[in-house]
Amino acid sequence: MKDAPLSNCERQFLLQAIEQKKRQDGRQTYDYRSIKITFGTEYGCCTVELGKTRVLSQVSCELASPKDSRPTEGLLFTNLELSQMASPAFEPSRQSELLVKLNRQLERCLRNSKCIDMESLCIISGEKVWQIRVDVHVLNYDGNLMDASSIAAITALSHFRRPDVSIQGQDITVHPAAERDPIPLSIYHMPISVSFAFFQQGTYLLVDPCEREERVMDGLLFIAMNKHREICSIQSSGGIMLLKEQVLRCSKIASVKVSEITELIHKALDNDKKVRKEGGKCGFAESMSKERITSLQTVESPVEMTDVQETAREIIHNAETPSETTLSPVLHAVGLGQVGEGVSSGWGVEEDEEDEGMEDQPERAEGSRKGDVVVISDSEEEEVVVLQ
Amino acid sequence: MAEEASHTFLRQFGCEQSLLSKPDGSASYFQGDTNVLSGVYGPAEVKVSKEIYDRATLEVLIQPKVGLPSVRERAREQCVRETCEAVLLSTLHPRSSLTLILQVIHDDGSLLSCCLNAACMALMDAGLPMSCLFCGITCSISVDGQIITDPTAEQEKESRALMTFAIDSAQKGVLMATTKGSFSVTELQECIAVSQKASERIFQFYRDSVFRRYSKIL
Amino acid sequence: MAAGFKTAEPLEYHRSFLKENCRPDGRELGEFRATTLNIGSILTAEGSALVKIGNTTVICGIKTELASPTVDGPTKGYVVPNVELPSLCSSRFRSGPPGEQAQAASQFIADVIESSEVIQTEDLCVEKGKLCWVLYCDIVCLDYDGNLLDACIIALLAALKNTQLPEVMINSETEQPVVDLEKKRPLKVHRHPVGSSFAVFDKTILIVDPTAEEESLSTGLMTVVMDEEGRMCCLHKPGGTALSGEKLQDCVSRAVARHTEVRKLIDKVLESMKMDT
């Protein structure tokens, strides 16, 4: 299914609005849409809502052998999926340009920035290390997937806890959460991507473009930065020429945005920690708004089971009893039997059917047949016996 | 078999509809900690290779949370698709495509039944014509022969047999059934009877949620 | 005339037969097609069987391999079933990666093996945590005319009963496995699951053992798998028409009868082979 195209008048309207420093949703040029972070019941699972854009991120881990070149370092994999749920234009199992771009950028943002202490993931040097996997699923697409994904990924990583292990000689024991408290990853810094959309060959600039703005933009600049104002990755796409001053200005804006977002992530993490510590309920179900007219919840409800046995017995009792008489099978030859007379195969007459069974018969017969045991009615079979 | 308890429980369940802006219908359904998000697109343009001349083509995709869909997801997709096909009046939209995407958010047992419920809520939200509604119920039989409805992942692991049924709202018949483990015929019939009872709760919930949604208009 | 009617109005054509409680191929509603079984069809495999239900033909070959068990289950081997629907068996399948039906069938067979415990994976262990057997159960459909799942289960069961595993010792010095091909022991088959498939016509009429045409015209399919103790191993109804508990019970009764039928067939064929050697 294709996405609905943008008409010329819509395009013109959007561009005119941008020229007049106005945005459709009433934001200012440098404003982000509202960000909402919620955590799942498991460790390492969170959703991020950036306006209407929504992504789900899950971190998981497993034991693996390290790379030969880096025997003391763990492994980190990121995988971003453009689910068809997000937009009908996303086709499953197809590597679109957008998907490749986002995956590359996310990998640079997380892996190449060395934000996680990889050496702490080593269990036995050169033999066993933890492999951390970050799955990011896009659930709803309304522009600026990169920023939403990078926030979701780093939040999930900070939230994640891996099981504790103990080593005795070469044996590794993985302790389940009930036995020993799981351990959080050690995170050095949190790289967060900030996207800038450029219009009219770089004359105008917007932060956090929504889907419609992305459709009319000329170019995009990603800056991944941490709160210490260190740039982790910078990438411009779309083929626009940017002046040095523009890039510097963008990086200044990014530093402000990043510190705001980092603070928000920390607040969300602390909040979740507090709820978990108090033994309160956590998870997406809890964060579901109860006031919305489209949502409804029930409490745990009992199901009466008193007359269930009765109903079951009645049905079984009333059913026809299986007929005692069953067809007995007919043996056509050694290792070939038939039951039922219904429709036999349209492959041909009876003889043919046996032929087909016979094909391999002679070979085996040579080795094992004593020659006189079986009563044979088939002429070919007889030939075999004669041969012996 | 052990003396039967007079009650079994459905965990707390709930649903939020229309929570995504892109799909034509969407719902997030939870049963206890199990949570599935679903989105529906359609009726829309269909690929020529998938076109059916007298009805709509329904595609179902189930996305696991970690990794890529496996054969297990394919088998579940088949179950959900054929259940939906049985109730959807797809002949009203010939030569078009319907796509249903289910994203597993968290699995804490009874996943297939949660997928079915989320699918039904999303189809309702999309306003697609259906001959009746359906819901999914999972029953597990514990080692001592006790029937547990809507089991958690832990209860599933300890169980001797596990069955998931889809029940239709019109006749309370069994639309879909899939089982794991071995069990007697009596146990099967008991589980069906329990599921039919439990389905009443869920259909009442569907009714309540629709009533709530349109309460401002009525 | 009849041929034209069949092509133009296939559903009406079938209905006119069902009204008279019979089917276009002359069967009654509850009658299976002739089931032919040949065990030991492939000599290069450790166990094999060929099953024909009417035109539907399925061949199953069991290959064994040695492997190391997983960390989670050090005393367990593996059973890996795979159902193939190559393009040669019907025009509805294309060559290439397995389609949805083939994947669903593979998953179904895997579920049946797991649920019925036909093979206990502990039996496949050679040495704890070091060595175990892997059984690759490759099931290939040669001719598709409906009721694939029943045929697959019979083929699988017969092939498993035909499988012989060679003796394996681990050399204590080199720690290498030594396979003694002379000494073979049959695989232990704990239970005997047999499936019966049903199709629902016009939301009310139940027929057994549907052909490919009946499958495509029907409004729902169902497979019931029973074992010899009358316990159910699997009830698989992927969707379609809703059925009441009573209707399901009728299917179960038919499945019980079918089980004895097929069980006798397998036993008789195996016996004939035993007498032969």
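Order as written gives the chain letters A, B and C; numbering starts at 1 within each chain.
Please note the rule applied: contacts are C-beta pairs under 8 Å (C-beta built on N, C-alpha and C of every residue); 3 or more make two chains touch, one makes a residue touch a chain.
The structure displayed is predicted, hence computed values, not measured ones.
**Q** Would you mind checking which pair of chains has the most C-beta pairs in contact?
**A** Chains joined by the most C-beta contact pairs: A-B.
**Q** Taking each chain's centre as the mean of its C-alpha atoms, give the chain farthest from chain C.
**A** A
**Q** Between chain A and chain B, what's the gap in Å when you average each chain's C-alpha atoms?
**A** Centre-to-centre distance between chain A and chain B: 21 Å.
**Q** How many angstrom lie between the centres of chain A and chain C, each centre taken as the mean Cα position?
**A** Chain centres of chain A and chain C, defined by C-alpha means, are spaced 33 Å apart.
**Q** Please tell me the distance, in whole Å, between the geometric centres of chain B and chain C computed from their C-alpha atoms.
**A** Using C-alpha averages as centres, the distance is 28 Å.
**Q** So which stretches of chain C touch two or more other chains?
**A** Touching at least two other chains: 245, 249, 252.
**Q** Would you pick out the residues of chain A that each touch at least 2 other chains?
**A** Those would be 311-312, 315-316.
**Q** Note the residues in chain B that touch 2 or more other chains, in rising order.
**A** Chain B, residues with two or more chain partners: 185, 189, 192-193.
**Q** Give every residue of chain A touching chain B within the complex, in rising order.
**A** 1-2, 40-42, 45, 52, 54, 56, 58, 60, 81, 83-88, 92, 133, 135, 137, 139-142, 283-285, 288-289, 292-306, 308-309, 311-313, 315-316
**Q** Where on chain B does chain A make contact in their complex?
**A** 4-23, 26, 28, 30, 33, 35, 37-39, 41, 44-45, 61, 63, 65-67, 97, 99, 101, 103, 105-106, 108, 125, 147, 149, 185-186, 189-190, 192-194, 197-198, 201, 205, 208-209, 212-213, 215-216
**Q** Quick check: in the complex, which residue numbers of chain B touch chain C?
**A** Result: residues 71-72, 74-75, 77-86, 161, 163, 166-168, 170-171, 173-185, 188-189, 192-193, 196 of chain B touch chain C.
**Q** Quick one: in the complex, what on chain C touches chain B?
**A** Chain C reaches chain B through residues 100, 103-104, 106-108, 110-111, 114-117, 219-220, 222, 227, 230-245, 248-249, 252.
**Q** Once bound in the complex, which stretches of chain C touch chain A?
**A** 25-27, 31-43, 50, 52, 54-55, 57, 143, 209, 245-246, 249-250, 252-254, 256-257, 260-262, 264-265, 268-269, 272-273, 275-277
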